[in-house]
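Chains: A, B, C, D and E, in written order; residue numbering restarts at 1 for each.
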Amino acid sequence: MSPRYAYYPGCSGLGSSLEYDTSTRAMCESLGVELVDIPDWNCCGSTPAHAVDHLLSACLAGRNLEIADGMAEERKLDGIITPCPSCLKNLKTTQRSLSDPEFRRKVEQVLGKPLRAGLPIKSVLQVVVEDLGVEALGRLVKTPLAGMRVVPYYGCIMVRPPRLMRFDDPENPMALDNLLRELGAEVLPFALKTDCCGAALGTVRKDVVARLSGRILDAAVEAGADAIVTACPLCQMNLDMRRPQINRANRSRHNLPVFYYSQLAGLASGQGEAATMMDKLCVSPRLLLNSLAQHTGERA
Amino acid sequence: MPSHPNVIDPAFTGEVQRESEQNLALCYQCGNCTAGCPVSFAYDYTVNQIMRLVQAGRKREALSSHAIWLCASCETCTTRCPNDIDVARVMDALRHMARREDMVSEKAVGAFWKSFLDSVEKHGRVYELGLMAAYAGRTGRMFTDVDLAPMALRKGKLGLKAHDIEKIAEIRGIFDRYREQQQ
Amino acid sequence: MSVTEGKELRIIGFLCNWCSYAGADTAGVGRFAQPTDLRIVRLPCTGRINPLFIVRAFMNGADGVLVSGCHPRDCHYSEGNFYARRRLETLKALLPVIGVDPGRFEYTWVSASEGQRWRSVVASFTEQVHALGSMPRFMSGTSLDLCLRPAVQPRVF
Amino acid sequence: MNIGVFVCHCGSNIAGTVDTEAVAKAALEYREVVFATDAMYACSEPGQAGIVEAIGTYALDGVVVASCTPRMHEATFRRTLERAGLNRYMFEMANIREHVSWVGKDKAANTRKAAELVHMAVEKLRRNERLQAGEFDIAKRVMVIGGGVAGIQAALDCADGGLEVVLVEREPSIGGKMSKLDKTFPTVDCSSCILGPKMVDVAQHPNITLYALSEVDSVDGFVGNFNVTVRRKAAYVDWDACTGCGECAAKCPSKKTPDRFNEFIGLTTAINIPFPQAIPKKASINANACIKLTKGKCGACAKVCPTGAIRFDQKDELVTEKVGAIIAATGYDLFDFTKYGEYGGGRYPDVITAMQYERLLSASGPTEGHIRRPSDGAEPRDIVFIQCVGSRDKSIGRPYCTGFCCMYTAKQTILTKDHMPDSQSYVFYMDIRSPGKNYDEFTRRAMEEYGAKYIRGRVSAIQPKNGRYLVKGADTLLGRQVEIEADLVVLAVGAEAARGAGELAEKLRISYDPYGFFLEGHPKLKPVETNTAGVYLAGSCQGPKDIPSSVAQGGAAAAKALSLLSKDKLASDPQVSGVKLARCIGCGKCESVCPFGAIEMIEFRGMPKASIIETVCQGCGVCTAACPQGAAQLRHFTDNQILAEVNALCL
Amino acid sequence: MASSLDELKTAIRKALPGLDVVIAWTAGPDALSHAPLFITEEADVARIEWDPRCSQNLAGYLPGLRGKKAGIVAKGCDVRSIVELLQEKLIDREDVVIFGLDCQGAVDARSARAALGSSRGVRDVAIDGASVCFSVNGEPRFFSPGEVLQSKCFGCAGADAGLCDHFAGERGLPPQFGNPPESTLERLEAMDMEERLRFWETQMSRCIRCYACRSACPLCVCQDHCAAQSREPHWVDQTDHPREKLMFQAIHALHTAGRCTECGECERACPMGLPVMTLKRALNRRIKDVFDYQAGIDPNQTPPLFEFREVETNIKEREW
């Protein structure tokens, strides 16, 4: 039976990372993973909520868990998945804190409902890599990304803290590396794969993001990459949409594109640029995609 | 750095321990948290100094520090602490306490987060354009990220209308009951 | 301590020499106050304990029996407490059938350094036995008491 | 039986909360008690004299002392009884201090309890037997397991003292960790120059039998009479014939064999002599690398060997040695730093361990003493040393301080400067631990004279950058982050228990701590003994140690073994089990539960019976509790003695 | 059962030349309970009886015959006792020939006598489905199994462990009789602690210390070295006191813990009809729960009190 998960898109999937959400859904469909959107889901609270108060954070995340619980049996769900690491961390933290009965009582009081929160919670990436195996994705590849030199950028919290996330090596994760290699890309060693991009400080402290994201871009270029590939909406936004701010602050001229891995998965399996919403990227991947097409053409 | 009187509040350490559920006595000041912190360059106190302030019961300095608001919650410190202290969680706890004690030093960060949560309360989800407007209004930083707006709008990355959830009353109920419980 | 007030009950402790007897010594050295009901019999190992000693104690009118030895894997003789655990676990099925409340018998592990733990074991077990009160005695026959008691009962107090 | 009871005041320790006079008076009422008194300090000279006198005056056959715990003074009072001509086992103690006066506050209740404990002791004493210790023959030989510097010292001292010594070493040569070091702190003298002569002494000593490339397979027996089976692993070379000429290694075509002795930073041949000063200086074949043994072809070594010593069909051989004492000196292993993902987890070629660096420094090492980066052979200029890698780190299960890394790191910075005057060393440390003669002065010299830059803080990550390494650390004294670009990073890896330490401990029946280090008999007073009689510890197997401490402990363990084996016979503890043959039905239940294999089934007048091997029995009493007929009885703790105690307390 | 008996006799006749003795049942003085028969010559074979009155477990005779070649007729439950004797090496497998039988249930003589009023005139007993039929002076009298059969026949597993050298009748599951009558253990469980003590006080005051329970027990291997009568060690006093008698029952129960197969010989043999198997039953229940062990199943197993696991998964130790 094909796996079926409750799907939590996260707020950014409606706006700033529409292309991530769309390409993730397409990837899951082609892999035979059925996604059931959590009906009427709400914001998990993200960094602001847990930074302000654990209880509020747990209540906002908890409402979504409660809705998923409610339909778990009927829809025979294998768990809850989300593409966004920040949402993932909030949902998982909430699930963990609920094991304290005292805290759970408080949360249930605020929610006005009892909570089970028993479904496993994973990232889409984890399901693809661990449960299905990257080979499953490899079997879908029609036009390998041959000649594309990429560095995988995981961000901080896809694998951290390890005791909460329980996914891959916290210092040297390989999930994206293996996945991209399966798509035919040349994956370069990247020392900064889990370094921080500045996260939510973008709006309020552009200097922080400019410096941290700048370092990541520097390192990627130095590694000889044509592109950065990420799995986090916030990382992608900082590296991509904020590129002018970064370049201005650092007097740099970086122009390498930043893809979501799901976009590249779609591209390699022949979904085309429109379907994978390549046009949504702020730093244009045009040149790279052209040369890729040329490369493929030559081989054909 | 603002100067503080050398006031020590012995109860403070215990309060942070309770709030964060971490044993601060485990910290032996090796500095690994500082060494790995990506935002350290912008801090007024390094992470290990924050830990030390808590160990030493220096409440005012810890809670009014800028560092706790600039922490990006990247979990590097937590991951590498040789004593298994969840340092990021301690930073979280300090922010909670600073907010309650009205000692938020990075007003802009506080304001951004307030705007974010207001947006969640109002719509159930984050309405990015509304959030930016509210934040700008609250801080008077009218030109924050205004340079990005044309690009974001062109790419359809900034929704022009809010995606309110259906049962928004439930969210407002959560916020109401949460505030009740806080009092 | 509430249990020391009022009537003492008769509690027998069977302790191994290497861990728990030493742990009780440690509690003494630390002056950790305990109820006075317990009398300790020193044995080389909990593996020496024939469960019938405990039955005998209850037949004789003990109100509680406590066994304590080295923590599993820490036995001075390496395996004694593993056998003891099985024997005593089996004994637990026998006692309630003959009318000894399960709360009157416990076994536990206390190491030589765990003086505090010993104190709390003694305190909570004594309290538990006091909650059950005196062990009911056999009514018929008194001849045995006469023949096993010391010739003269000490009555100096 | 005439029993005397002595109730001790222990100053006010007992008398403060127990009416000792009343206890003595009560004791007079107990059966067979003919004398009872209280005494200020029973264990003092006059106290003991009083006991001796009373034994004479009242013709006492047995004595009860009510005082402190028997774990304190049982042995004292037993000697007192012997002085008065009584058997030492005709003695019982009532513990009215630790178990009564120190833990109870109610004087009346305490006094009652003390009197009952005395009653219990009297009832037990009435059933005590006059036990006599036996004697047994012993083997005047000692086995030393592990040929590092501690084991070498122990072996030489025992051999000089006249004992026959069997020295067992797992590796092809003795010498241990010390033989891999270039120089030693704080004198910076050449390690192999001071260790070499001792190794030669081992080879030449008439009293020492050396089994290299050998491991302990099994141990049985007991103090004075251990039987140790040693597995002599196949070297594929007949060592009686091998002259150590090295022709074989020169001709071996398998030249890319990982070099264990050089910590895998160099290459060697499949057949080799690990290092020039090796003892025994014999060749052995690495079976995983040998072309003949893996693929069946080659045999070049056999062709050139002038004495025809090569034996491709050699098998492991088991030899059994009877020894009276065993000294465990199995040393330590180095922490596997690949657990630290943030330091590259072993992926970065120029992030190496301190022991690997030691081999780079050594003139007999793979670079002949020139410091070269393993990746490209270039001479490094900026070298970062990171301390406490696998030490003082709870998160990876190594909370202890290894203790000698601070010193060897200081030494290595000094040697680095000596080798490369233009180099710069940086040391990230948490605390500098240098207690010891001339130790702190030495670390100061590293900074003051050799210019090592010490930075107080841990390193969070190492990242490759432009062919070098970006070391991201903190300077906690400054409250700043520090980033250093290094050519080479040396990790001061901590010590952990030698691999297989736990298994060896099980064979030797000694305890070990959660990290695998062997437990000493007492942390203060029995630092080289174990809780198993006749087994002693030397060196880092008991906990990480530097060289002088290891040598001192090797000598100490040797002294213990010499003292034990200086007698011709040993006395056996009579508090062991015995089987009444008339009651035994030969069901074998006791045999099946005995943890020590101390019970054998014999045939007696055609019937099966159990029989105790008294020298093996440790006196736990598991058999006594298993025997349904009560035929097996643990002496001094018989069923009747314990029943008497129970009856005294409950009836 | 008649055809089984013929099969059995044929098998015994065939095996007898190679054996010193065969133990079977024959009609005895009690019309409700057959007595043991020691067959040494072929003429004895004709006297063998096989019907529900063959209640006695004959396995207890085997250790005494050690060294001889012995045959034994055994019901399924009796085989479990033989398994225990083998396990404890009290008999040698190669010296014992086991003749198994297809038992349909065995009469509890005491209850049957009570149900019938008297054992006089009982000629035959047969079990037919759900009822037990006694032919008394030619008249059939029917009883339910719960009234007249041994309690162990309820839930009988009929196990022969594949151990029988010969088997007469059909192998397979014995009849299932539904719920057994209430046991003493269940009655005790309904009482409070003091009532339980008083129960034993009353019961034990009737004990005459004849030790028939011990003599009948196939696993009481100590026999004349029994701790009950020894003074070294002195576990039990000779005083006529219920406490001492109960102490002996505790000794018997703990000595057979993990070995007792609940064959019921102790209760069958007790002249006073005391429920002396109750303690053993309680221990067995615990041993099954905690150590997942049942006695009399596999001759190669070790009884649970003579081995251990470092981690005992079913033992929940108390936290202090």
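Convention: a residue touches a chain if its C-beta (ideal position, glycine included) is under 8 Å from a C-beta of that chain, and two chains touch if they have at least 3 such contacts.
Since we're looking at a predicted model, the values are computed, not measured.
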Check your understanding: By label order, what chains touch chain A and chain D together?
Key -> B
Check your understanding: By the touch rule set out at the top, what is the minimum number of steps from chain C to chain D?
Key -> 1
Revision key, fill the gap. Comparing A-B with D-E, the busier interface by C-beta pairs is A-B
Check your understanding: Using CA atom means as chain centres, which chain is nearest the centre of all the protein shown?
Key -> D
Practice item. Provide the C-alpha centroid distance between chain A and chain B, rounded to the nearest whole angstrom. Key: 22
Check your understanding: Any idea how many Å lie between the Cα centroids of chain B and chain E?
Key -> 76
Study note, to complete from the structure: Taking each chain's centre as the mean of its CA atoms, chain B sits from chain D at a distance in Å of 52
Study note, to complete from the structure: Whole-Å distance, C-alpha centre of chain B to that of chain C, is 56
**Study point:** Sites on chain D at which at least two other chains make contact
**Key:** 342, 461, 593, 626, 639, 643
Practice item. Spell out, as numbers or ranges, the residues of chain B touching 2 or more other chains. Key: 41, 76
Practice item. Please set out, as single numbers or ranges, the residues of chain E touching at least two other chains. Key: 235, 305
Review point. Looking at the whole structure, which two-chain pairs count as touching?
Key: A-B, A-D, B-D, C-D, C-E, D-E
Check your understanding: What does chain A use to touch chain D in their complex?
Key -> 169-172, 189, 191-192, 219, 222
Review point. In the complex of these two chains, what residues of chain D are touching chain A?
Key: 340-342, 345, 347, 461, 463-466, 470
**Study point:** For the chain D and chain C complex, residues of the former touching the latter
**Key:** 22, 25-26, 29-31, 69-71, 95, 97-100, 102-106, 108-113, 115-117, 119-120, 123, 509, 531, 575, 593, 595-596, 618-622, 624-626, 634, 637, 639, 642-643, 645-651
Practice item. Mind listing the chain D positions that touch chain B in their complex? Key: 342, 388, 392-396, 430, 456-461, 472-476, 479-482
Study note, to complete from the structure: Contacts from chain E onto chain D in the complex sit at residues 88-90, 221-223, 225-227, 230, 232-235, 255, 302, 305-307
